[in-house]
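The chains carry the letters A, B, C and D, assigned in the order they are written, with residues numbered from 1 in each.
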Amino acid sequence: MKLLKNLLKSPMFVAGITLFLGTIILALIGPLTYPITLERVGSQYSTPFGRFFLGTDHLGRDYISLLLRGLRASLYVGFLAGTIATTIGTLLGIYGGFKGGIIDDMINMITNLFIVIPSFVVLILISGSFEDGRSLTLIGLIIGLTTWPWTARAVRAQSAAIKSKDHISLARINGDGTLLVLLKHILPYLASYVFMVFILQVASGILSEAAISMIGLGPLDSISLGTILNQAKNNGALGDGVWWAFIPSTIMITVIVFALYLINTSAEGVFNPRLRK
Amino acid sequence: MTLFEVEQLSLHYLTRFGEKIHAVTDVSFTMKKGEILGIAGESGCGKSTLVNGLMGLFIPPLYPTDGIVKVAGESLMNRTPEDIRKNVLSRKVSMIPQGAFNALNPTRKIKDIAADVIAAHMKDIDRKAIHTRLRERFDLFGMNTEKVLNSYPIQLTAGERQRSVIGISTLLNPRMVIADEPTSALDVSTQKIVIKMIFNLLEKEIFSTMIFITHELPLLRHVADTIAIMYAGEFVELGTAEQIIFDPRHPYTKALMGAMLSAEAGQKQKKPTAIEGAPPNLAKPITGCRFAERCPVAKPQCHHTKQNMRIIADRQVRCEYAQ
Amino acid sequence: MLKQYPSLRYILQRGVWYLLTFAVAVIINFFLPRLGSHNPVDIIMGKFSAGMSSEAARAKEEAYLKEFGLVKVRNGEILRDAAGKPLKTSNTEQFVNYIKMCFKGDLGTSFQKYPKKVLQVIIEAIPWTIALQLPTILLGWITGNVLGALAAYRRGAFDRVLFPAALFISALPSFVFGMLLLYYFSVVMNWFPAMGGYADAIVPSLSFEFIQSAAYHYLLPFLSIFCILAGGQAIGMRSMGIYELGTDYIKYAKWLGLKESRIIGWLFRNAMLPQLTGLALSLGTMIGGALITEMIFSYPGLGMAILTTIQNNDYPMIQGCTLLITTSVLLANFTVDILIGFLDPRVKAGLRIGKGN
Amino acid sequence: MLNKNSIFAANNCTREFGTGKKIVRAVDNTTFSIESGEIVSIVGGSGCGKSVLAKMMLGLYKPTDGTLLYNNAPVTNTKIHWREVQAVFQDPFSCFNQFFTIRSQLKDAFGILQEKPSHKEIEKRIDNALLAVNIKPHEISGKYPFELSGGQMQRMLLARIFILRPKVLIADEPTSMVDACVRANILDYLMKLKEELKMTIVFVTHDIGLAYYVSDRLFIMHNGRIVEQGTPDEVTLSPRSEHTVRLLEDIPEIHRAWIC
């Protein structure tokens, strides 16, 4: 509670959370209040502020509908990837750091391996081979499964540091088992850190999806902010000066990611006393 | 000759939420050449804050509330940080921090850190002169000079690190040295070596006076000429080492001395003094005596009348009822 | 034997570890594209066989199968069963062949630019990518770190402006930033060319004209990568710097009355060490990193090449490129590991006592 | 040397950390015994291995060589062992989980008991234990560790011992983080535990004066070895080991010349 109060005192946090909640509300409520249609409704590239507030795309589809869908898809991918990466990274990190020994060495080795093999490469290779079923969920899954190592490494270091604290010894002579020690006596100490990592992972998930869509390996089953950009690029919107084809979605991506960065940074200032000044 | 003078110095912190914390209140003392003043008190009593104030180093959120600090007649108050840096630090007043390991830049060799200090305060001195000077100085410390100077902090033992820090702090022959628990992280044997080195430097007049801060009273008995006992930001008793250790007058000093245990015949029958409770919260204004809550001999009026320093039996005591 | 040479032992240890990682990377590189339900040739044939005579299609398919090592080959001829159908290779055989070819430096033949070798395509594209990326990354890294260190040390107004700006800039994906730059400066204002690495009319040579044209085409892609990289680095450096500022050795330096410039120097050096890892990562992903930026600006580098290969399912090319990217990332990481080992006495001392790292 | 009735008996007990060339021998070939009902102090400087030895007696570390017996059976890391052997540690703040209230954490201590008492009984025993360390139950109700003072927190650790009533208490530097005036209180409670519950206490400290005051026997530890053991008077007044002699010489005492 006190934490939340301190967070709300930070203007950066308030700005970040407002922007972020705004995009979430837009993604959730938007489709309920706006008649979404993905059919051709107008002529190719009709200009904004006319019949269609944000104009239409090269197929004559309404951009507001596309953007609302795309926003939803991008947030979904971000949260899916962020959740997977944070969960795997946190679990492996906490366990490895606490257990030590051979198990820790093995986890460490796998982590280091995944860190140096660029996840973007894995994304390209996998996305390429799943030609038919390249769904939004699959892409989120792949992003999550390739970005956990940084989390694991950082969490491991912290878990290993907490392990030698006295309250762990006390918990053990209270007879608490490993699982209870991990969940009750280590995880809460890492919670703020894990939260910040999660925020960053969500942001990087959204960025990764946009990037992968941009090179033409995006989801085949849905429209995301990345695929909108990709189609704008492929259909010469840039050269033709059709700004409404890419500016609204670039703004959306940037605003979400910026909001998440703001939340992360301001939270770090509150959680980490060293940065308080 | 008075070398160092502190008059009614009070210092406060401003917290992020605008609260004032009066970490140091009404501290006065004077020191002569060759003298060592020991300051003793529990952790959190304001010792470390006092150190910054005594150097004239007021870096936010620390601010002077009141009072004067003078080194050899020259005031350190109301001066710009750059003026203090250039003319006071290292040259007039120097500091020996606790925990030498963290105080030394881990990625610099001892000789480079030391050279930086000389270069910061002396113009037109070439590298060669700096290094000759360093070698001459470090030869006094009873270590392998070449090895220590050419090592990174991590390559040295705890004792070598602490001696290097003392060496670096006293390179420019400061008048006053303030040592904040310089030996608390060392084992007892190394502590003895380091204290001997400090005495040696004082004898050679590399520095002229010293404030030695620690919570270890037996050590102070052997190191300090005069001792000040600090409680909740105030000096509660100030006298010679003999007076404070063997004949304490303030109830808090009495309690501290009574709680001391030593491995000597007959000590087993002694009953150490016990006082419960903790020092008051300095963020709130305190009207009465700060020790009143825990004082075994407190009178009702102690809780709301401020106690001032007065002279009893040749030393200063902040208690109207002490005898 | 190596006891007297802790540094050499350290290098060897790290080297062996990176070799192992490389082996794993090669395996991943081989198996991942084969994860899907179809083999790559099926996918390609599905796309391109339309309109071909069945004879031509079969010949083409067999050529692809051969190139991709999916059928058994002896003396350049496809081995066939009694019915004349090509004999399929097992995964293990394919893998062995793949490794053999890798060792020979043969990354296969491009499907799309058949019969051009993959290696050749890469060699043609790579100078452009390096020319675009290397200076950009180095400059961006240095600028970002200097700004970050200053922001950490000065705080105040400088930090209040720089920090949110850097945060905002690093929230922009570099390709989005590239698109905006391109749209405004070339399409709207028409100040800069929108496409390519040089004007179409000029033949690449060392002439003044060519260099001028290349520089002209260079500026926008450069800016789009530079700003974002510098922003990200500034944020990282700032928080490292603030962390270092709170350490006892900086407090001690202030107590000793060291000059501000010297303290910033200390701060910069110590906060920079972890930042080196970031540099390694950027340099390592350099080859694949600006893929999309190159695509936006139609820059003739490797990114563009990778993009077209992906769009055309040119598997030998994809594998060749990913292998190249992985190798460069590993090499960059290895270099930084070694570098940090020598620059940071904490790690160095650890080697000597046999502790740490 | 080994007594059949000893509560703890160590025979060439050794503990190493790390592997290969990085091996550090924290406890080196120690042989000793501790009898039921006595207070034994293990005294030594930082890094001498005294805390590792204490954690071994608690079953938190296993010996890598030699044996460490509790009541003639090897020390285990099970609830059965912890029902009889309990500990208080140095830093009371880091001993409690800051995310839960003190009271709920005192309640957690009941986890090791074979039969958990009724809810009412638990509350009653906690209240009694709090009163035993001179704290009124309402003073800490609903409070989290960071809301109490160091002295109060150290007493919470002792209250936990009053709740569990173990046979042996391992006290690892229990007074080094508290204010000198509060220290005597902590010592009083330790004495009370010994008197009332006939507890055996192993007191780990770097402060030889304190050890001299509280213990029946002293072990002096240096570099992982026990270099001397005996009654406080034997060890401090007529030390035989050179390490003890040096240790005593180097400790500043108010009544003895220290630096000549």
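Assume a contact is a pair of C-beta atoms (placed from the backbone, for glycine too) under 8 Å apart; a residue touches a chain by one contact, two chains touch by 3 or more.
As the structure is a prediction and not an experimental result, all values here were calculated from the model.
A.B. asks: Hey, what chains does chain C share as contacts with chain D?
C.D. replies: The shared contacts of chain C and chain D, listed by label, come to A, B.
A.B. asks: Specify the chain pair with the maximum number of C-beta contact pairs.
C.D. replies: Of all chain pairs, the one joined by the most C-beta contacts is A-C.
A.B. asks: Among all chains, which one's averaged Cα position is nearest the averaged Cα position of every protein chain shown?
C.D. replies: That would be chain A.
A.B. asks: Could you state the distance in Å from the CA-based centre of chain A to that of chain C?
C.D. replies: For chain A versus chain C, the centre distance works out to 22 Å.
A.B. asks: What whole-Å value do you get for the distance between chain B and chain D if each is reduced to the mean of its CA atoms?
C.D. replies: Computed value for the inter-centroid distance: 33 Å.
A.B. asks: In angstrom, rounded to a whole number, how far apart do the mean CA points of chain A and chain B lie?
C.D. replies: Chain A and chain B have C-alpha centres separated by 51 Å.
A.B. asks: Distance from the CA centroid of chain A to that of chain D, rounded to the nearest Å?
C.D. replies: 48
A.B. asks: Spell out, as numbers or ranges, the residues of chain A touching 2 or more other chains.
C.D. replies: Touching at least two other chains: 277.
A.B. asks: Provide the list of chain D residues touching at least two other chains, using ranges where the numbers run on.
C.D. replies: none
A.B. asks: For chain B, which residues are shared contacts with two or more other chains?
C.D. replies: Where chain B is concerned, no single residue meets two or more other chains.
A.B. asks: Which chain D residues qualify as touching chain A in the complex?
C.D. replies: Listed in rising order, the residues of chain D that touch chain A are 55, 58, 60, 77, 79, 82, 86-87, 89-91, 94-100, 108-109, 111-112.
A.B. asks: Which residues, counting only chain C, touch chain B once they are in their complex?
C.D. replies: Chain C residues touching chain B: 247-249, 251-259, 262, 266, 269-270, 273, 343-346, 348-349, 352.
A.B. asks: So in the complex, which bits of chain D are touching chain B?
C.D. replies: Within the complex, chain D contacts chain B at residues 45-47, 134, 149-152, 179-185, 187-188, 207-213, 232-233, 236-237, 246-248, 250-256, 258-259.
A.B. asks: Applying the document's contact rule, which stretches of chain A touch chain C when the two form their complex?
C.D. replies: 12, 112-113, 116-118, 120-122, 124-126, 128-132, 203, 207, 210-211, 214-217, 229, 233, 238-239, 241, 243, 246-247, 250, 253-254, 257-258, 260-262, 265, 268, 274-275, 277
A.B. asks: So in the complex, the part of chain B that touches chain D is made up of which residues?
C.D. replies: 42, 187-189, 191-192, 195-196, 199, 215-219, 221-222, 245-246, 252, 255-256, 259-265, 267-268, 270, 272-278, 294
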